[in-house]
Amino acid sequence: MTNELIDFTLVSVAMLAIGIYGLAVKRNFIRMLFAVEIIINAANLNLVAFGRFLPHAGGQTMALFSIAIAAAEVAVGLSLIIVAYRMYQNVDIADFRSLKG
Amino acid sequence: MADAAFLALTVITIGSAIAALEMRSLIYGSIALMGTLGGIAGFFFLLDAPFVALFQLAVYVGSIAVLILFTVMLVKRELIFKMIEDRRRKFAGIGLMLIIMVSLGAVFLDSGIKTITTDELAVDFRDIGKNFVTYYWPALILMGLVLAGSVTGALVLARREDVEDDQRTN
Amino acid sequence: MTNTATGIIRALNSGIKHIATKRFTLRYPEEKLKFVGDGYQFDPSTGVGIAGLKGRHMLFHDHCTGCQLCSIACEGVAEAIAMVKVPDQQKQNKKSIMPQIDYGKCVFCGLCVDACPFYALYMTNDYELSSFTKEGLIYTPAQLQVKPYVAQDSEIIITKWGATHG
Amino acid sequence: MEIKLVGEIAGNYSTVVLMFGFAIVAMAPALILSRMISPRKKSNPVKFLPMECGQVPSGEGRTHFMMQYYPYILMFVVFDVMAIFMYAWGSTLLELPKSATLPMLAFFAIMFGAMAFALYQSGRRRIW
Amino acid sequence: MTNEFLPPGLALQKADEKIMTLNVGPQHPGSGHMRIIVQIDGDYIVACDPDPGYVHRGEEKMAEYRNYITNIPHLERPVIHDSCNVLYPYVLGVEDLLGIEVTERAKYVRVICSELNRCIYTMYWLAIYGIFLGHSTMFMWPAGDRELLIDLMEKISGARVTHAHFVPGGVRNDLPPNFEEVCLRQVNYFEKRIREYAAVFYDNPILISRTQDTGVLSREDAIRLGVTGSVLRASGVDYDLRKKEPYDVYEELDVHSNVMKEGDSYARSKIPWLDMLESCNIIKQALEKMPKSGSVRVKLKPNPKGKGLNSVYKRVESGRGSLGCHIVSDGKVEPYRLKLSVGSFRNLIALPYLLKGEKLGNMPSVYWSLNYWPVEADR
Amino acid sequence: MMSSTNTEQITIEEKPAEEKPAEEKPAAKPAAKPAAKPAAKPAAKPAAKPAAKPAAKPVELPEFEKNISDKIVEKFGDKIVVSFVKENRVGINVDKENVHDVARFIRDELNYDHVESVSGVDYPQDKEIEVVYHIGSYSDPSLASQLIVLATRAEREENPIPGKDATRLPTLRDIFYSVEFHEREVFEMFGVYFTGHPDNRRLLLPEDWADLPPLRKDFAIKGR
Amino acid sequence: MSVIAPDFKFSKFIQSLISDVVWFVLIFSLIGFPIIMMVLFFIPMPVIDGELLTPFLAFTYLADPTRTLPIVQSFMMTDMFKIMAFPGFGFAALLAAGTIFVERKMLAKLQLRVGPFYCGKFEGILQLMGDGLKLISKEIIIPAKADKPIFWAAPVLFVASAAAFVALIPVAPGWVVADVDMGLLAVFAVIGFFPIVTILSAWSANSKFPFIGGIRALFQMVSFEIPLILSLLGVVMVTGTLNLSEIAASQSSFPWILFLPVGAIVFFITMLAELERIPFDLPEAESEIVAGWLTELSGMMYGLVQLGTYLKLYAFAALFVVLFLGGWNGPQIVPQFPMEIVTNGLELGPVTAKIGGLEPLLTELITPEMINGVLMFVLKTVGVIFFILLPRGVFPRIRVDMLLNLGWHKLIGLAFVNIFIALALVYAGVLGPGGLQ
């Protein structure tokens, strides 16, 4: 009944690939944020999986830190979206060109 | 039992991850994202990490998803349903995705990870709590700073300075 | 802060105290309020009314002369009174017409009672006039002649534990 | 509890999910039954319009956004993380040495500072 | 008188995207029979346009077709809870036109009826104020205790709400036997009851924090906007017609007019409550000083007529403030023109002014604290 | 079902029609007596006297009110007509050209500060509509019971066209803010357009009202 | 005298009963029996105790308690029973229904009126049933342009979230649906679902009032979640566990409310807010925004949301009891069963009535301790529910900015005060290892 580490790792790889696809293709700022979230979650899954199979508390601890940082990232990212939306009335990154330095 | 649950969770997670990116409506996309996050929480349960799993549920589904939903509802209705994408770019993205999947998957399958199994006890969540304040305490402080910085930055970003105050005085 | 706390505690205390207070509700179909007197009447000799409930009218056939004053009084108010022929011949009522009242229109102001110079019309304590049809609300002179049976016995009783309808 | 198999703990939590599913299975029939036995007359399409106090509403129904209180929801995301982090510490408090409280107090101090700033910002009405 | 008094209609025109227009009423648990079009920016009301008229019946036009007596049951319709007071200026005006002097006992009976009706109205108002603030007990208690006074009015006049009791020349009928005793008992109990309201309502810290400093109407603005009644007195203007222009026997009674300085919703809601206590006091005084016997109605000709082209404006202090009746007579049995200047209509003007910049959550409390009765404003 | 019982009632009730009132009469009369008796005598006397009094009395004007009217007359002379001076009421008729100045004088010099009521009166025989402002004072305690009845008249057009109203009066809103809703009401009820009023819109009538202004005399209620 | 209630005649009642029974027997024997027989013909019967289970034998099982009781007992051990009936859904729904009845009658008494009276012979006890029937037979109106899937799913999800919350509550030792190590964290995770369901439901209705109400509900729940989480940390600190059963068991000598009253008060206030009860019912403030996020819900959808709300109320009250009032701990007031009657049977002259399977049931599952625990738990919960209901009678609702101000400025501060109190108690040695208990 024991799952093997490789299963979790493969799921994680799939999630990572989906996330990268989303980042590459989508031009909607919010959707890109979704993609980032998916990638972060893939990483967390790996952390916890390795932490379980090489029994060590560090994996879970790092996952907790990672989730917390993700929360901070989302807060800032959504604030950015609001700012950009307020300026351009749109959430398409093509319109955000002028944000470049 | 765990295998069936694993398969179900895999389907839920990956399916809703794709849905989150491909659904026409951003609201449904957010709901699908919630599904992804919940699926990951399910994986954490399967990995005997209930603390992380519940943390994931409480933080990701409970608050981050709320924030995302809220922000999505802020934008105009037509934007919620608009898909902006390029066809060629999409195929390129799918190719990229497949390449990453296959290559990384092959690498992992070929590596020693495949043979790793365990029959040791799961890590007790109390160890995590101890880790936090003993071994990892600089990281804790750092994370506090990151959180503080993020809330400060988010507030400073989201406020608007150009308020025409004629209508909104009391 | 203390003010807030005492205020909240006072409010809660008052709420709990009222759980032990008597109910004030009048449970209407089972209990009916008792009224003063027999109903609103008007003494044409003094020009002053006599207090009472302005309920359904009552018509004295042997007083009514068919003068239509009540109908005229009602014209500006509700137009509820119509004069109709009655079969029985009274000697003071040459035209044999008497008021018929449509309670779908009547506003129970009692001005028709004030208008009657012969003490023929007064109001009773009966107020339960509902009907399923509009026609059921039109009371002919014969119906108006009947003194209603009213069992009204409940009054406001004020006790130490609050007021009730006993 | 002797947990050696991977995924054994999940069994404990599955009852919560079962309860969730049971409520859906038990309550959805109520809606379906209601849909079956209740009258369904589509006689007047006006009946199904989103009315607003007897008037046909003007404008979009989903655009209201209380920007004034947006900072609170931002703060929630961050401080929710903080609050649940504290459980990792609080639940093991009895087994920890007393010196371990110090980093937590420092964490509190940082978060207090952030909260004070955030509350000050959210209290300023004119900038939202 | 320039920018801050921008009329609501004009303010509504400059709307931008983030501002939402919200209809409150006419089918709304928090509006009564009227519509308030509010524009909200987030939680703040940017502009507000009251739209009364959903219960407009044209009472003034109807009055031109009815003679002075048959107008009585009609003119009390706008405020059936305050039906004695709404008839009072009309009756005074007709008496003035016809030149009748009313007997002493009739005046006392009128004062008692008027005060009872003021309490009945205020209790109804208070009940709705309670439910507007989400205080369901404050809906039930006044609605129940109001019954004590309705019972008294029913004993006097024979009807529970639409009394049609005042006529030119006095009142329709005398008090029933044994009335003084019953009245005193029930009014005493009533007073005890409404003092009880302080614990759950007027001294309730949540209510105070919710209504204090909301919708502040300063003294100058109150005078300039011409508001009346409790709204005026809550803003610190001591103006009570029972003292300032005493009609009937108010001169002989010791009337105290309640004034508060704050001018916020809390003060506006507290003044009517204080007025009820004062009314109980007045009723007790009047019962004491009333002549124990005597006629209550002066006999008039069947169809009284005015004398030539003549106009009269009489006003009384009703539950909602000064209630004036302008009667123009041209010597016929019907009034040539009758205009009711009602407190609700005069207070309505303060609504857009007060709601501007308020929070949406304050809308019900500010709106109803104006002592506004939609049916009366529409007439 | 109900109608059948109703007819039953009628058929049953009609038979004892002769006996019933005979029973009722003694019950009704004693109830009437005790209340009616004391009221009977004094009722007639005071009714007769005061009714005659005010008519017979010579016109003596109350002093305080006379003072006020004198002040206005002094300022404006023959531009105004003092229509009546009664207790607590001073009536002034003004042309519509001067109403603004008179109102300003009343506010600034005489300390009147608000308008209690604005009523329009239609005089079709004069082809005029009169608008009557009842102006009172809150801030001056000595004027608390006083009202100035300021009346002005506008020519009445026969067929008012909404939007192009010819019956026009200057608004007093910039002098007395409190007339705002009152003037809106007069506008819709009489069709008097107040020039300078910033918000001449419908107030009470329905939005689709397309008839005459309803309080004019030539707008007849149906069936009357 | 009564006009409304029709005359009740016992003979007619009996008559109607008999006619019903006759119809049932007739239809059952004509249609039901053949169908059952046909079905039984095709289904292979299980073998129990070496006997083939024939329909006849099945009927004897039904009639014979010695055979059914072990089945009942083993059924009561299963998760399904726990979920469906006792500590789970059925029990909670029963208490929720009781809460609704008590709320109505108590509020009526407080407001000097009668309350539900006519439905049911005694004080309107069947009113809730009548309301349920009414709601289920009402038309469900879905506004045009509403987002149908979300709109349909939201009420069900609301009930389901509330049920998941109920699953975590321990009622008596061992009687809990999900006995999990991180019970408290699971509670927080479940609470997090309510704002999402609310805001989705509000958004999907495509109307202004629900949306404003939903946004307000979101702000309210979200703002009060942090004081809620922080106020419970004190209890966790002094017990050192997140398991709700262990927390309840740790209060055998004294409840934590004695040591952590500040936390209890903060938790109570946040509880009121999370439940959207007066004075915090501003998402449903009917005088401003018609019924808040419930405005467009009609018929049974509204009924489900109400059911969910009251389940949530029960769960929160029970959580308060478990965390602060000692859960099932309390004086033993239920007497011991007369076990000799159970074991030896009841002797009535020559007859000895003995039910075989009753003994293991009473010694293993339904012990007096368990009944006492449940009784204590229910008593305490009802007490807490009373105090949750009472503010509805005496307080007006507050405003959204006051609410946020209260939550963020005062309650979080008080929650931290509570944490420091707990810290001081632990470090001073009053509680924790070596302290009291």
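Order as written gives the chain letters A, B, C, D, E, F and G; numbering starts at 1 within each chain.
Definition applied: a contact is a pair of C-beta atoms (placed from the backbone, for glycine too) under 8 Å apart; a residue touches a chain by one contact, two chains touch by 3 or more.
This is a predicted model, so every value here is computed, not measured.
Separation of subunit F from subunit G in touch steps, taking the shortest path, is 2.
Both subunit B and subunit E are touched by D, G. Chain centre most remote from that of subunit C: A (centre = mean of CA atoms).
In terms of C-beta pairs in contact, B-G outnumbers the other of C-G and B-G.
Here the spacing of subunit A and subunit B, counted between their Cα centres, is 5 Å.
Separating the centre of subunit B from that of subunit F, both taken as means of CA atoms, is a distance of 72 Å.
Centroid to centroid, with C-alpha atoms defining each point, subunit D and subunit F lie 60 Å apart. Look at where the CA atoms of subunit C average out and do the same for subunit F: the two points lie 32 Å apart.
In subunit D, the residues that touch at least two other chains are 5-7, 9, 13, 52-53, 57, 62-66, 69-70, 73-81, 84-85, 88, 90-92, 95, 101, 115, 122, 128.
Under the contact definition stated at the top, the residues of subunit F that touch 2 or more other chains are 35, 39-40, 43. For subunit G, residues that reach two or more other chains under the stated contact definition are 110-113, 180-181, 185-186, 188, 203, 208, 212, 218, 222, 225, 242, 290, 393-395, 400-401. Taken together, the subunit A residues at the contact with subunit B in this complex read 1-11, 13-22, 24-28, 30-31, 33-35, 37-38, 41, 44-45, 48-49, 51-61, 63-65, 67-76, 78-83, 85-86, 89-92, 94.
Residues 27, 31, 34, 50-51, 54-55, 57-58, 61-63, 65-66, 69-70, 73, 125 of subunit B touch subunit G in their complex. Interface of subunit D with subunit G (complex): residues 9, 12-13, 15-24, 26-28, 30-31, 33-35, 37-41, 45, 47-53, 57, 61-62, 64-66, 69, 72-73, 75-76, 79-80, 83-84, 86-87, 90-95, 98, 101, 108, 115, 119, 122.
For subunit D in complex with subunit E, the residues that touch the partner chain are 52-55, 57-59, 63-69, 128. Residue ranges on subunit E touching subunit D, taken from their complex, read 17-18, 20-28, 31, 35, 40, 42-44.
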